[in-house]
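Worksheet: the structure to be examined is printed underneath.
Labels run A, B and C following the written order; every chain starts at residue 1.
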Amino acid sequence: MSTLLKVENVTIQFGGLVALNDVSFSIEKGSVLAVIGPNGAGKSTLFNVVTGVYKPTSGRVTFDGTEITGRPSYEVVERGIARTFQSSRLFSDLSVLDNVIIGMHTRTRTGVLTALFRPGVARREMDECVRKAESLLKLGSGDLFEQRYRPAGTLAQADRRRLEIARALASQPKLLLLDEPSVGMDETETDALVSDIIRLRKENPDLSVILIEHDMRVVDAFPQHVMCIDYGSRIAEGDYATVRADPRVQEAYLGKAAVHA
Amino acid sequence: MAELLVQQLVNWITLGCIYALLAIGFSLIFGVLNVIHFSHGDVAMTAPFIALALVQGSMAVVGVTGPAWLLLAVVVAVLAVGVIGIALDKIVIRRFRDAPAMMALVATVALGIVIRELIRHLYPQGSNPHAFPRLVSGMAFEVAGVSVSWFALLVVAITAILVTLLFVFLRMTALGLRIRAASEDRVVARMMGIRDSRVFRATFFIASAIGAIAGLLFASYAGVTRFDFGVMAGLLGFSAAVIGGLGSMPGAILGGLIIAGIEVLAQTFVPDGASYRLVFVFLLVIAVLIFRPAGLLGRTVMEKV
Amino acid sequence: MRQDIASSASPGKSAAVAFTVASQLVGAVFLYLILKADGGLQIVGLLALLGLGFFILEKQPWIAEQAMASFARVPLVSMITAGIIVVGFPFIVGSNTYILHLLIVAQLYAVLALALNFQLGSANIPNFATGASYGIGAYVSALLAINFGLSFWLTLPVAALAATLFGFIIGIPSMRTRDTYLALVTIAFGVVVQQLLNNFEWTGGPNGLVGIPAPSLFGHSFADPLVVFGWRLPSQANFYYLSAALVVVAIITAHRLHSSRIGLAWNALRADEIAAKAQGINVAWYKVLAFAVDAFLAAFAGTIYAFYVSYISPDNFTFLVSVTIMTMVIVGGMDNIFGVIVGAFLLTILPEKLRAFSDYRLLFFGVVIIGFLMIRPQGLFPQRMRRYGGE
């Protein structure tokens, strides 16, 4: 297996605050990495560095053999990294279907001149997008397809998370970054989410997934590769059992006193 | 040459102070409401009309006139404009504080039209320019062969006093602290329940009254007032506030001085500069915003992702 | 896949035809009445009627749904009806040149409002410089025609290119500034352009340019009356049809961009810039693009205006003109092509008709805008969800 994403010694500072401190890790093609850690540990910041929202103060990010450190977000998506946001950022005044179609932006070509002077070409491309978007909506758990003409802002919480994943998949990514996808889901919905991810990997054996999760049920479902971050530093990495047993991880989650008690 | 320079220096400081006073109002209101009160310039320019009306009214009714009456009229005008500010906030502006920025902008532009038209219709012969007296006349002293007028000194003194008072108010009083809290961190302020109507009332009263003083000084500086002076006063004051950094008091003062500086420089050193002065002013505004998108002293807010 | 979309409450074909034709005729009759109206009482009555209409539309949303469904069902019939109404209007108006003049101005404003709608409506980018792009279009074409004798048809693309370049330039700061700050940048550009036009010698200074020659087409001068099958229409009719053609171009442009990936990208960055970037949208480029498209269309309107009135001055392209165009978009309904056109017509014709209230026109205008923004900020016709699968 080959390395898809490689993060080397990434440090990022906001003013005096060190949000990430010398973090390194890599992920293989077709594998899942679960990132855990307390709130404010820097997990989302890691996503933001990888996807080009923030430029790291130092360090390198390499994706699929190309260095992408500090490249703009839109270029990173084009190369094949898609993400969801912790506080689902949908285009709330647009329909569910439009949200997914916008996700295909990097896989479509229509420019102003094509749209104006070759409407047939533009229309065919759009029809194709609609078709793909509808099948993406049918694929996952929930009934997003039935709600495809609703404004995304009116969806229930679980559906919002599902739609974010569908929108991210629309860009045909090689690497999918999911930022706490189970937030706001009940147990049944979380289980459905886990089986969605499992099915997705079965259908696309090359797809890699990085998951930020608080819900240990989800992490437990992908136990092979887990990384724990605290105060911006990587404190443990390995399979779930190892990471869970690591005293520093327990300390980070439970506090020093509890561990030594 | 030295005389010219000193003369222009005096002009620059006088004009810069007036713009700074206008900019403070924009900045204060934006800080608290997150709304651009585009008609602030028009509100400010109602003050000279109110003062004129009072002076003429008193002459017609009581038959007396003189510096004391002028002073009284000016004070009443400033207070009245402060109240007008509160009223406009209550009736119109407050409703746009949570609306998209564009809505508030267009609404207050329209409000400016309404204010100008009201002046034009309500004031006798409102379409014409009206002479406005110098608040103080005569020369105070001479520097390098240039006499500095009492008026210039008055403008500087008033600005200094107002800025100091405002500073003390915002730092030392409970209400001032709440205004600052509201403008510095809106989310926290909302959580703490600071966004009450007293903060709004106080903000609008202070901003409008300071604007009124600027309007009176401006009319007095120009020797004339017109119903549509508010447009340019508003644009220049707004520009000063923005290039200084909206929400920042020192920024507003800096912005006012910069705008006035460019105007005076253009008039002095560029051939036909008087007609092109607005071009220079606004090119500078564009340049500042390209290189410092949040203004010179404004803080760049990083959006949390 | 197609049928499940068309199925919901789709009207029968004949019902759709009847509905389409009837609703357009009602609209045309209303427009005619308001154009003809004279005296305060008639205007007030018609406005009350209009208000009632919108009230009913608001309370009975099925009417609008039905109308949309009908138009979508028989698009050819709706287009032909609209075409007949637009072509036939001057014949009904007859020799009333004032009405024709109002219609020409309203159509030019409709184009300007559609142009601005790409920014303000689709992408929610403030632009107080549409008036300046409009002015650049007018001045470039007028200067070319006066100084180099270029024909109208040649100046049209040149003016559009010049304004587009200007659009790119004012768009560049939009990569770094937003909201209020960006609004000020565009205001500043607008003032700079207007002041330069006012001060340069070769633009005629405050006096502007006079003697812009009338265009001609196939030997027919637009200054001459238009004779069709023995019907004699006043010379304004030439410009009426010309500006109507431009409105059609603007509608097609707006529609094609709106329903393409470009319109979606604009909508995306309007809703959430960071999320838009995360979908691979080059936000900076799309913002600049919106400025360029706006300037391009505005220049067409400017060119026609210059040749129509044959005299232009900086006063035609002030900050207030830009504000008026913005108001049209907001009142009509952001990102709604039909709404924006209605907004442009209403806000062009009403102030003219309010001459009945003589001097209080501008005051009234201001009050209406404020009232509108407070009571119905989403505009007369709010944006609609895109539907796919229909033709």
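Note that contacts are C-beta pairs under 8 Å (C-beta built on N, C-alpha and C of every residue); 3 or more make two chains touch, one makes a residue touch a chain.
Chain labels with UniProt names: A = ABC transporter ATP-binding protein; B, C = Branched-chain amino acid ABC transporter permease.
Small disclaimer: the values here were computed from a predicted structure and weren't measured.
For chain A, the chain with the farthest CA centroid is B. The central chain of the assembly on a C-alpha centroid basis is C.
Mean C-alpha positions place chain A and chain B at a centre distance of 49 Å. Averaged C-alpha coordinates put the centre of chain B at 35 Å from the centre of chain C. Chain geometry summary: the mean Cα position of chain A and that of chain C are 42 Å apart.
For chain B, the set of residues that touch two or more other chains comprises 305.
Shared interface positions of chain A, i.e. residues touching 2 or more other chains, are given as 53, 85. Multi-chain contact residues, meaning those touching two or more other chains, occur in chain C at positions 274. Against chain A, the residues of chain C that register as touching in their complex are 1, 253, 256-257, 259-262, 264-265, 267-268, 270-272, 274-283, 289, 293, 383, 385-389. Partner chain C is touched in their complex by these residues of chain B: 30, 36, 92, 95-96, 99-103, 105-107, 109-114, 117-118, 121, 231, 235, 238-239, 242, 246, 272, 275-276, 278-279, 282-283, 285-286, 289-290, 293-295, 303, 305. Contacts from chain A toward chain C in the complex involve residues 51, 53, 72-74, 77-78, 82-83, 85, 89-95, 97-98, 101-106, 108, 110-112, 114-116, 119, 122-123, 125-127, 129-131, 134, 149, 151, 167, 171. Contact residues of chain C toward chain B in the complex are 120, 124, 126, 172-173, 176-181, 183-185, 187-189, 191-192, 195-196, 198-199, 274, 319, 323, 326-327, 330, 359-360, 362-363, 365-367, 369-370, 373-374, 377.
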